[in-house]
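Two complexes come next, and they have one chain in common, chain A, joined by chain B in the first and chain C in the second.
What follows is the complex of A and B.
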């Protein structure tokens, strides 16, 4: 991880992609740790009884992974806002890809706007969103 | 003049997008080699933006910027091009239960064109509703290529087009800045304004174009690492 100052960040910069195998064990552990020990997040059969295709990842887990994308791009980036749209259930035991770009900079606020999203191997974007990050400046 | 136009995208005027129009234009300028677009059509959800004037941005970026709407019907979502005062008086675009046949008939009569978007998508796409309802009359084209579709959705549309003879167009359905122009429509004739767009969409002479670049993913690590 590295530190990027506001002056070093450009509109159009790609956030280094993160490719993960999102396992069911990981999702179960997360759900139980987060106090979300519900069948939809821990058990395929229980999730099916709720009308889901199988157990799914909690939305806050997806948001957390997208926050990690930003943190690994720039450890000095302070996320001041993050917003996501869940376009499809996130089904574990599959490869996921966390991707993003810097799309806008605000020179007065020293912030950058980032597109962030999670997609699968087929390029289906399961979670899309944006984040605003506050960046350090060389003069601060 | 425009030949390649993204016919479906959402700006910050829509409730589920934060993308400023100028950010879209800057992104397209940056990605010109990948996505050689000449214009965009803003299709805000359940509304028509009567206030914004994009002429200065058109001049600054050399892009055609037109406005339309994405509305909701019992047959799924429909893009309305050529929106005018008569349509806005006739229909409440914020109504999520507009009658599709009435919308298509009236929009056509009032000088516009109404075209179903992402028809292969569950619940909000035309195909699922054609399984339980009679086909709509007066549909001239459907969005055959939608940048936000999942695997199989765009493929299902090919069969619909074969069956009903609809024209096919494409759009990014971008809600994020970096997705603008990943899918678009290429016209045989230049488009310079909304009237020409409506005329072209009604008569044909266009095709969807796909500018998506698939990345080769690295070997995934475990989510524990």
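What follows is the complex of A and C.
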């Protein structure tokens, strides 16, 4: 965990990627914790009955993981806005990669804009998004 | 041709939900379920010395708050199937243990996009969350895609 000040962040900086195996148990635990204990998120057979190929991860789980990506890059980055588009169902028991970089800095607001996304081993971007983070300054 | 629907439904409140006080264990479980490692969300002792002076919720905790009525009674339908298109979250204040949150839900926007595979329709449900002090905590926009 580290703290990066506004002055130390540069446009183009990459956020250290998170690579993880998204297991069905991980998805089920999230779904139950988040009050989304529905068959499509917990059970292959139940999901198939809803016309899905198998259980999927809730979109907001992907969003939560992308917020975690920002927190692991910079513990002091305060997310003031995060927006995600769910482009494709996320089927668990696969490796996912969470990636991002800083696209813009605002010297007046002490904020940075980031592009963030989740992709699979083939580089397909299943979830894309952007976030605005407020950063501490050396002078404050 | 502009998308046709009764525009008076935009901005109409279709649900108001008051949640029980936020429990510390719920915040910790939520952070754990995401694999969070940031001590501001996972370690009460360490968070005491952080910028919020105590444990706070992981940023997307507000997306787990569900209105009593998930969709309006007269939710327009433009297609045969609906998908979860995405979320946009604006965060104004942290969620802390003991907070009593209130959520007001409206249909915020309806629009159409045309792509290679044809027309897609988006209905944006907006959830505005405030705390016991009337302070705005977050706005969560839920984009439902129909085609």
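Keep in mind that, in the parts below, the second predicted complex is superposed on the first by the 140 of 140 C-alpha atoms of A that agree within 3 Å, B and C clash if a C-alpha of one lies under 4 Å from a C-alpha of the other, contacts with A are read in each partner's own complex, and residues count from 1 in each chain.
Simple rule for what comes next: contacts are C-beta pairs under 8 Å (C-beta built on N, C-alpha and C of every residue); 3 or more make two chains touch, one makes a residue touch a chain.
Not measured: the values here are computed from a predicted model.
Using the contact criterion defined above for the overlaid structures, shared-chain residue A:97 touches chain B, although it does not reach chain C.
By the touch criterion defined above, A:80 lies against chain C but remains apart from chain B after alignment on the C-alpha atoms of chain A.
In the superposition on chain A, contact is made by A:60 with chain C only, not with chain B.
Of the two partner chains placed by the overlay, neither chain B nor chain C lies in contact with A:106. In the superposition on chain A, A:20 makes contact with both chain B and chain C. When both complexes are overlaid on chain A, the residue A:10 reaches neither chain B nor chain C. In the superposed pair of complexes, A:35 makes contact with chain C only, with no contact to chain B.
In the superposition on chain A, A:68 contacts chain C only, with no contact to chain B. Contact with neither chain B nor chain C is seen for A:50 once the two complexes are overlaid on the shared chain. On chain A, the surface touched by chain B in one complex and the surface touched by chain C in the other have residues 20, 26, 83, 85, 129 in common.
Here chain A touches chain B in the complex through residues 11-12, 17, 19-23, 26, 83, 85, 87-88, 95-97, 99, 101, 103-104, 113, 115, 117, 121-125, 128-130, going by the rule given at the top. Here chain B touches chain A in the complex through residues 16, 18-20, 23, 26-27, 30, 148, 150-151, 175-179, 212, 214-215, 217-224, going by the rule given at the top. Across the complex, chain C meets chain A through its residues 29-30, 32-41, 51, 58-60, 63-64, 66, 83-92, 143. Those residues of chain A whose C-beta lies close enough to touch chain C in the complex are 1, 20, 26, 29-30, 33-36, 58-61, 63-65, 67-68, 71-72, 75-76, 78-86, 129, 136.
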